[in-house]
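Please go over the structures that come below.
In what follows, chain A forms one complex with chain B and a second complex with chain C.
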Partner chain A sequence: MRAYLPAYEMETPQDLAAALERLAAESGVWKPFAGGTDLMVLLEAGKLPHKKFLNIWNLEELRGIEVRTEHVTLGALTTYAEVQRNETLAREFPLLCRAAAATGSVATQNRGTLGGNIANASPAADSPPVLVVYDAEIEIVSAGGARWVHYASFHTEYKKMNLHAGELIRRIRLTRKHAGWKQYFRKVGTRRAQAISKICFAAAARMEAGRIADVRIAVGSVAPIVLHAVRVEESLRGQRPGDAVLQAAQDALSAEITPVDDMRSTARYRRQVARNLLGEFLEVLAG
Partner chain B sequence: MPERARKIRVSCVLNGSASSFEAHPMARLLDVLREDLKLTGTKEGCGEGECGACSIEMDGVLVNSCLVPALQAQGAKIRTIEGVAIGESLHAVQQAFIAHGGAQCGICTPGMILAALNLLARHPEPDDAQIREGLSGNLCRCTGYMKIFESVVAAVRRAETGA
Partner chain C sequence: METRVIGKSVPRKEGREKVTGRARYVDDLSFPGMLHGVTVRSPAARGRIRAVHFEGDIPWHEFTVVTAKDIPGKNCIALLIEDQPCLAAEFVSHPEEAVVLLAHHDKYLLEEARRSVRIEIEPLPGLFSIEDSLAQKEIIWGQDNIFKSFYVEKGDVDSAWARAEFVVEGTYETGAQEQLYIEPQGMIAQVNGAEGVTVWGSLQCPHYVHKALMILFGLPRERIRVVQAETGGGFGGKEEYPSMIAAHAALLARKSGRPVKIIYDRAEDMVATTKRHPSRTRHVTAVSRDGKLLAMDIDFTVDGGAYETLSPVVLSRGTIHAAGPYACANVRIRSRAVATNAPPHGAFRGFGAPQSVFALERHLDRVAEAVGIAPEELRRRNFIREGQTLAVGQVVKEKVDMNALLGRAFELSGYHAKRKQFAAENSDARGAIKKGIGFASFLHGAGFTGSGEEYLASEVAMEAMADGSVHILAGSTEMGQGTNTIFAQIAAEALRLDCEQIRIVQPDTAHVPNSGPTVASRTAMIVGKLVETAATKLLKTLRDSGFLREGYSAEDFSRACGEYITAHRELKSFVKYEHPRDLHWDDQKYSGDAYGAYAWAVYVAEVSVDMRTAEVRVNDFVAVQEVGRVINPVLAAGQIEGGVAQGIGFALYENVVWQEGRMVNAQMTNYVMPTSVDLPAIRVCFEEIPYGRGPAGAKGIGELPLDGTAPAIANAIAHATGVDVRAIPVTAETLLEMLEAVHA
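After this line comes the complex of A and B, so read on.
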């Protein structure tokens, strides 16, 4: 059923300070509205219980990609289209560009934002695995100040996260330390364009003389939140990619994931594909 | 009584002319265009961002108007299918769709043409993969896509040869 429009309010704050003041003054009453690619779908389906929205789309403080010596910092409103156009990201953080290119189609990529993808907190979202692999930090701001948190510990349980009423995600910071790493991304969906993931696998490793010196692996759609596969990483560190190492890593992965049957796929399929993708990643490392 | 939000006045530039309308802030731009501004060329397919029938250009980028709230059209430059032809003469891309059978029932056509135009603005000489990617958010239930693809290829070739 469609929504009853007069019940919904939306306002455009002048700047970030005004937005944060509004969020603080009436705690929990106002909710941010960025590109709307998640919120408008809910509205149309009559499933948007929240009624008051702050249009943050125009907030300059949440825009832009800044490249510094140590970090690349992306405003929360950075769209998937902007991610794909950035040369530094293409060179050093290719997984983020791959995930952006695999998210929806052109129109969705022009409106969907990284901040919205994070805060929407879907376990099937495609940028979270990549942000975990790059050990991203996110800056959270409120009228009371700002704090940085590690993205890998941001989501706590299904749709729950370390973000309170009155807070906004302001920006995402990536440390420029992955340039020489071997990187791997694969999203498996029903078709290439515009399909929500059945499973989304992101990984990167630093190799030293044929051994895995350091590795990060994260998988979407196999747990209530994006899964940081720490046990798989442990099993791989210091190893040389090979059959026995793969077997042990795959078993660690199988023990770590808790996929479910849903409308997009089955738990069994996801278990098998997760193992296969890990195998493909190790082939990349060996090659 | 539930609280009732008032309508707001939104000003934008629509197909090259200043325009303004009153709407609920979260009304879909798609409905404003079709129902309030009587520009019914923009179509609704899915209403959830999946089909591209409602594609328009906003500030030069392709968007699905079913997912844009009226409030965010404030100050925007908008182009719909009604703004594509130049006077009575159809745009080369429109002509190519006619010549190559790129339109059958026509429901997907306005969105396809906006997506094609937006693609050509970004990549004036697109390769096959770029054409496919540029149109991948637009669904068609009639043509089987090949004729649409060929229409875009023909439009590109015509632009190149100046024919």
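After this line comes the complex of A and C, so read on.
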């Protein structure tokens, strides 16, 4: 442990109202601490600059998976383990379950939360591409009220997002409209388990008579934020999967992504593999 | 031969303690008044230390601060030579070199203090590659940046080129690799006037630490004591580095007058301690029309990092293994270890051989291709046989049948059928998965090289107690590999007792004789033989005394020990290594009997390559080896499985990312070792030909599996994809680029 522990403070509010009040009263002072799977790594390394944390792990208002006719709503503190155990998600939102199963270790899956994953804003996170594909909405609450935003526009640039001081992510809402869609997810990590993504590709399409009627594609680790590949989607809508369509879509993808070299992989690798995975997705659609 | 316990998988001696959490590792130990210590390290790769600033809001007066000025003896970590400082005084030669030591009772405040020491350095240009070091862009060590070089010559290489039908050339590279023992390095030291210096720690070689501390403190032998705590893995990483951390803890203990504990966290362990030497090997090989090796010209270079440490010895083993288990009349090996401004590279299971064996076995597949014969056919035509001479001039006197090992490995792996099947399946150009199968054939010498064992002159003692328990006293350490258990088996067999009656005394330089370092696949074969001899002597003493008759039971033995001790006070035996008279080694010519015995092996790897992501998966692995008599089958198979797993990491995953001599991916998330889901079934098969000089016929085994794993995998990747693999690790990134080149 390299952190100087006495410099850190953590408080545990009784309920959501108390938490929001605390956040509002001392704006920017308190940072929420959910499962801690990202923050503890930084603390261990002595690289956690923020010192005051609000432990929100016990807030019941942020828990639970609720299935309604139109939507499935997941509390922000839903863990990856809980995601994998939910039957509705397994049936209608299988990509979310696969992303959850591909995240970290079993211990991480027991502590790590969807809300924390969103707020940590890593472009290499495994579930955000899936949330973009399912066009998830997220509810953001503060002492002053609540608002819903589309997740696809939530992140603005590297580690920047549409979340202000005093606000918490409360829930994630998925519209139950993907039954019958062809769905694809592939995480290319540094190894087969307990790995961070080098590229994470999620996509789903509604097919009508062999044509792509609607499609959503999102890719992680190829841009400063999880990339919603809108131009690729445009190039595919109304098309039949095939070599010419693939070529155009791949070119659109190459133009949209801005991968970099880092210690885990190279820009060149990410660029080529993103193209290849798009090819694999189109094979799924054609098959 | 009927045996009691040899060849039986008796449980690990210390297994129960370990799985129940009762085993005490160094970080489990605590002493009254103990302080914690940390090391402040160089931010630069090379330069002159201008000043050290103690900054921040830190109560510095509460801290014990040690710099080079506080060293009572010589400022060095004595090993082969004395070039490496214990603490940098004027110059730093690599990133993370130790400059200042701090101790305090509050380990959290200590970390804050470590961050508040600023070492001001006037930078000097550094060397960060073998090429730059050889080109002498700077002179950073000695006259020419070369720690050591060897020249091995057999026959006349230059006479062979003219009559060769084929001449095949190639250059091969291997990367650095972390040992990644589960327990990071750690040490506790206590220094006082009466007893001198005592250290307890996680280590492989107590007497290496002992020697280093004697010179650092300028104290006589009896004023230094080194005790091995339970050790959670070593793999060579705790061969030489523990001397450094012991020295640091002891300096802080001396100055503070309190016991001091230093425990590295994983990040510090990865960034500051030793790794496997990166290497570059160039082969030029002359071959006849029918695939006979006419000449092998081998040039082998390893990157030793900033100080010499064990580089000459690593280079030696790599050099001797560079020509493999083949009979070739003309061989020339030129090799050298060079200096760069990286932390010193050091001992790691295999010790130079995995590097040169990778180059050779990958190269021979390319030679076979050039000749137009199957890779196994090339090996078969050149395998060494009993009575033939290895590259260093050693006549093979053991029974060796590489063809039989190859046949067995191929049979177990279904090699021929798969070779054919994969070639057919891979011909579909659109196939997303390509499969391949490849192998490597190799040898590994057990024990110290050449006259090393003679110089070491290892010693083992044994003492029987009045209750009939027998204690083994040796400096050989248990670090997870099974020393305690096989020693107990060897002694029990010789004494005709059960293993429970044998105790292994904790290695402690105050109480055990120096049985040499626990390295070089020497513990079972060399020290085990001393244990066997000590047991035989003990038994003879008891018999000659008349207290013990033929056909005795365990109770008889215990009674006899009691009676003997009543009569003679104690019952002990003591054995010193005697070098076999028929083993000769010439250090000048670098020729002769390099090792008393070799393990022989053929490993087969089956891989699949995902053409979309260039990810390689090892689907099946067969490891066939002849290692003499197997003492404990479960432990022996565990050694091979673990070694193959480490070899898979070496081949595919473990990639140290360097930036000006510093490892920048020093976390286990970003330095990627394979997990259990990345590993195939590893099928281990032992052929046993008892070795006359080993205990119960055993040879060395520990390092062997690191040698053949990586080249077998590289050859399988080449078979699957047609890519000419020249360097490891074969990461998905490098393979993708090579695939693009092949298909362009």
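What we mean here is this: the second predicted complex is superposed on the first by the 286 of 287 C-alpha atoms of A that agree within 3 Å, B and C clash if a C-alpha of one lies under 4 Å from a C-alpha of the other, contacts with A are read in each partner's own complex, and residues count from 1 in each chain.
In this text, a residue touches a chain if its C-beta (ideal position, glycine included) is under 8 Å from a C-beta of that chain, and two chains touch if they have at least 3 such contacts.
Note that the structure is a prediction, hence the values are computed from the model and not measured.
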item	value
Touching partner for A:Pro6 - first (chain B), second (chain C), both, neither	both
First, second, both or neither for A:Gln194, with chain B first and chain C second	both
Chain B versus chain C as contact partner of A:Asn110, first or second or both or neither	first
Partner chain(s) touched by A:Thr37 [first = chain B, second = chain C, both, neither]	first
Contacts of A:Ala45 with chain B and chain C, given as first, second, both or neither	both
First, second, both or neither for A:Gly279, with chain B first and chain C second	second
Residues on chain A lying within both footprints (that of chain B and that of chain C)	3-6, 44-45, 192-194
Residue numbers on chain A that touch chain C, as the complex places them	1-6, 44-46, 188, 190-196, 198, 263-266, 268-269, 272-273, 276-277, 279-280
Residue ranges of chain B in contact with chain A within the complex	2-5, 24-28, 47-50, 52, 55, 61-64, 66-69, 71-72, 74, 115, 118-119, 133-134, 136-138
Residue ranges of chain A in contact with chain B within the complex	3-12, 33, 36-37, 40-41, 43-45, 51, 53, 55, 57, 81, 104-108, 110-111, 192-194
Interface residues, chain C side, partner chain A - complex	107-109, 111-112, 115, 265, 267, 432, 612-615, 617, 653, 657, 664-665, 667, 669-670, 672, 674-675, 677-678, 732-733, 736-737, 740
